[in-house]
Amino acid sequence: MAEKKLITPGPAGYIPKPAAFLGVDTPPPGKALLYGEMIDEETAMREAAKAMLTRRNPTIFPGPLVLWGWNSGAIEKAQAVLELAKEIPNCRIIPMPDYRPKYPKIDPEAEINPNHPNLTILHNKIEACIFVGVHCHYANLSLRMIRAGTNCFTIALCAEMGHEDAMVSLRDVHAGDILRFRDVVVEVRRELGIEWEPKLPPENPSLPKEEWTSVSPLDFGEYAYLLMPRRGEIVEETE
Amino acid sequence: MVEQKVVEPEYLLLEAPRERKFITGSQAFAEAIKRANVDIAIAYPITPQSETMHLVGDLWAQGYVKDYYRAEEEYGAMSAIAGAVRGGARAFSATSGPGLLRGLEAIVSWPGHRIPAVLGVMTRVVNAPLSIQPDNVEIAYLLHSGLIVLHAENQQDVFDFTLAGFPISEKVDVYLPVVVATEGFFVTHAKGYVNLPPEDMKLPPRDPYKAPVPPTDCEIPPARIQRDAPVQKSNFMSYLIHAVWQQEVWSANERARKWIKHYLGGLIEVVNPEAEVFIVASGCAAAQGREAQRYAEMEGLNVGLVKVKSIRPFPKQELREVLKKAKAIIVPEHNIVGWLCKEVKAVVPDGDRVVEGPRVYGGMTLPVELIMDEIYRVLGVKKEKKTLV
Amino acid sequence: MKRYNIRIAGVGGQGVVTSAHILGNAMSAAGKYASLVPFFGSEKRMAPVEAYVRASDQPIYEVGEVVYPNVIMIYHPQVITHGKSYTMPFYTGLKENGMVIINSDTDIIPDEDKKVLEELNARIFYIPATQIAREIAGTELATNMAMIGLFFGITRLVNIEHIEKALIERFLGGTFVASGGTTALDSAIEKKFKKKQELLAKNMEVIKYTIKMAEENNWCEEEEEKVVT
Amino acid sequence: MGLEYVKISPGFERYMPRDYVDLVKMGQFGKEVDVMQLGQFKELVEDHPMCAGCYMAYFIRIFYASLPNPEDTIILGTAGCARLALSQAAVPFIYGNYGDTNAVASGLKRALTIRFPDKHKDVVVIAGDGGLMDIGFGMTMHSWFRREKFTTIMVDNEVYGNTGGQESGMSPKGIQLKMAPKGKQFDKINAVELAKTAGCVYVAKLSPTNPKRISKVIRRAILAARHFGPTFIHAYTSCNIEYSIPTREVLADARNREKKDFKFYEWMTDEVREFFEEMEKKQKEEVRS
């Protein structure tokens, strides 16, 4: 466990200093960052899993590099992200399909945009999130704004060198590593006594509804949090 | 053209056998470009840069560089570099003094646009009145834009910094342009010994997909890509976006430290770390400082040298550490504003220790004797001199 | 450490810059060190020209024009007599115990200046370089060779093979990029000598002559440590 | 690379916003669309912050619907009104510094040619009269002198609209605008003749009254740039704000100008003409068979 937590969930203020100015550096291969401190991957993964399992409205933000099937690596990684999402109780997937600011305004339930990520974070009261498949530059912009303005616990599953401004940052993450993280999530979930049947998150609310046989927690609007699992609670189908 | 095999930058820069050549600074730039697997070089003529870019043009004619042209003007050259790098190419350009200032709007926008490229800056008086002589005041204009700025002391540095500039620039956590500055004429047109790795080796080609931003080549998502959207207050952009963008540029600049250490052995070089008095200098002034340090040592004076290789990122910690016990810090410079002196003063405690100079400008030589005078003064050494000035 | 910071003053057309390069190349051939600083001015015929060379048996760090020389070489008497120089008076910046080599067959230093040079303990060598060039090589254009020959004769920094290697590099190819003016001059000389080989041989003869001149006059320096500050 | 990068990863169709799903399923990628079918397919640009009644916005809409190969096209713009819409489209867009478009495009096109010698990557500059003919003039001209293979489209609103209505080199003589309080003192620059002189292989001038014709001109300009050299379109795109044209009369104004100084004009080198004739002949044969 980190002794001094430099990088913690915010809100950190009007314009906090970036982690790199505070002396946080990206980790070397095989290492990870937890609260701005270099640490082994296993510990970082466990802390990340704990956050996704215990904080409100855990959400995965997949970026263009997994959303678009531009090569076999991307497709494989996308599958792994879905496998991970299945194991996080009441997890949502809110995509970041591109990086440009969008006029007039994004639908915060349908997507997240790096130019104003907090619209999505705050609207959905997201307190734990995972960035995956987002180009580092844009991930860093978002991670900083999220730390400045929200209490969200940010986790970066980076394919490159990692992100100082995330609470947990893993590096060189590819499909296999995401599955490894999934296994950690399952393990920690069991330790916490949370029971959950693997299940895909609900679909994007902006899409025309074609399937009415099941209802997602989202359909409960602002009461959705009542459906969140508590420690030791048995979660059943939400309907 | 010699058949070249691709080797890792670590091998080419740090391990490959080297052969000593006696060449000019311009040739040293070209020798680096020859081994850097450069896709495109674009430049506009200006003295004293031109000779370098002539030689790079020859490299294109020989096949070492894939494309090359003489641009319409500096702003056009530097903008075209930005275009080529966005398109995924590895690019090189160079300029001097007034040309640098003419291209400056484009150049200082490279960091924000995340353009990894290498730019040679052969310093020259900034007009007016017109002069082509070396004076490095132009470096001051580069220090507040996020660029990585390396300052080469001699022909060897020119070669090493330029070749290392590409891998440093293209690191995913850096992705900023690297400026390799050196004094015009004093280095570019004078010969010095340079240890060169074999010419049948070159850096791996640029991989534009290993990057913190996608190249604009329609090969990688997202299609709806605008890497750098115009930012203004609106309900679709956070007020913070430009602020965190700038933070990202400067964070990247910070991250470059480890790569400069990795490829160039550190942001500073220290001669005689236990010295009582230090000369802190960059570029050519470091060469003069090195000479002064040698003379001082021969005279039994305890003087050291700190050569600042990287101006951005600036070696704050390193300088604080080395200069902890220094009685006086002499900062010789080739410009009137004393930009290095200001930087040094800002990072060392007890700034009164910093001697502001000696400085020469307008293309004047910085005689070692001027530095020696400061050394004698701060050490209280009385010298009877008959030299006529 | 042997260290010579040399300022060469002459007039356009005398091969001042060329000889500076040969001097540097000879040092390089001997495995020693030299650094050159071309003077960035125009190179018109009979206009003042300066070049600077630093030569040493140790690596040389400093760059730029030689402001405080310990060797001054005057290629043309008019530098002193007519003030054809960018640096006035000609001995400006000369350090103590330095030397001045002047191309002239007569004493041309005014008494007032002589006193200053005496105070600096400067050694002054006169050499009729132009005359030697004309007599041995058959052209005044070899004046510069006579001058550097004498310099090497006095300092004994390199031997004759090193000088020859430098000359070959300079005249028979090599990498030196000459300015337009210098190239034109080269071709003028070439025409005069018909063959480059011949040019080289004649130049070498001049150099050998002036080296011997230094020996015969007992001008040669001891092998000693020389400190310049 | 083709269409892979505009295909949604398997399993993620249900997580993408509708906008993107529609773009992939009903958009222009990998399809030939006809500008006359506007409204029947998902357009590359929809929402944008340009003024109501802006004719430049209309032109840009038609422009995107006319791209021969949107998945391999890169657009460059610069400061000015056009970029407000360009930055919202589903085609890569580069925004550099003011007036730098044709220099950036030169570098970009060369880089893409080095990296993808066997592919067509269309590079198109869309910038205003100020960007191309005032501040960026030198770079515009030199990209043409150098015969850089990309298309330049000048959306000419005859004014600096974005900065509050100042005179530009393309404003008509005598017109009173900001920074021209006594009326503009010199003539509108003849951009089309400059383009021909500077080496463009295809040049067109138009007032956007006929969408089919605009579309044809845009396609021709892009295709000619692929194979032969620089191409240029000078399009009149009025500023209804600075020139106080009532929204209802914007089209009437465009028609009016078409009768006067924006008569449709198309010029190309013989080589380009042969190329199009050959291409059109083939297309007709294909239709017949």
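As written, the chains take the letters A, B, C and D, and residue 1 is the first residue of each chain.
One rule holds for everything that comes next: a contact is a pair of C-beta atoms (placed from the backbone, for glycine too) under 8 Å apart; a residue touches a chain by one contact, two chains touch by 3 or more.
What you see is a predicted model, and the numbers here were worked out from it, not measured in a lab.
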Selected pair, greater C-beta contact count between A-D and B-D: B-D
Most central chain, judged by mean C-alpha position against the global CA mean: B
Between subunit A and subunit D, centroid-to-centroid distance (C-alpha), Å: 40
Euclidean distance of C-alpha centroids - subunit C vs subunit D, Å: 66
Rounded Å distance between subunit B and subunit C, as computed from the means of their C-alpha atoms: 35
Subunit B: positions in contact with at least two other chains: 219-227, 229
Subunit D: positions in contact with at least two other chains: 1, 5-6, 87, 93
Interchain contacts (touch definition) - all pairs: A-B, A-D, B-C, B-D
Subunit B residues within the subunit A interface of the complex: 114, 171-173, 175, 210-214, 219-227, 229, 231, 234-238, 240-241, 243-245, 247-248, 250-252, 254-255, 258
Residue numbers on subunit B that touch subunit C, as the complex places them: 22-23, 27, 51, 132-133, 154, 183, 185-187, 189-193, 284, 287-288, 290-291, 294-295, 298-299, 364-369, 372, 386-389
In the complex, subunit C residues that touch subunit B: 1, 24, 28, 33, 35-38, 40, 59-68, 91-96, 116, 119-120, 175, 177, 227-229
Complex interface listing, subunit D residues touching subunit A: 1, 4-12, 14-21, 47-49, 84, 87-88, 93
Subunit B-facing residues of subunit D, complex: 1, 5-6, 29, 71-74, 76, 79, 83, 87, 89-97, 100, 103-116, 121, 138-139, 141-142, 145-146
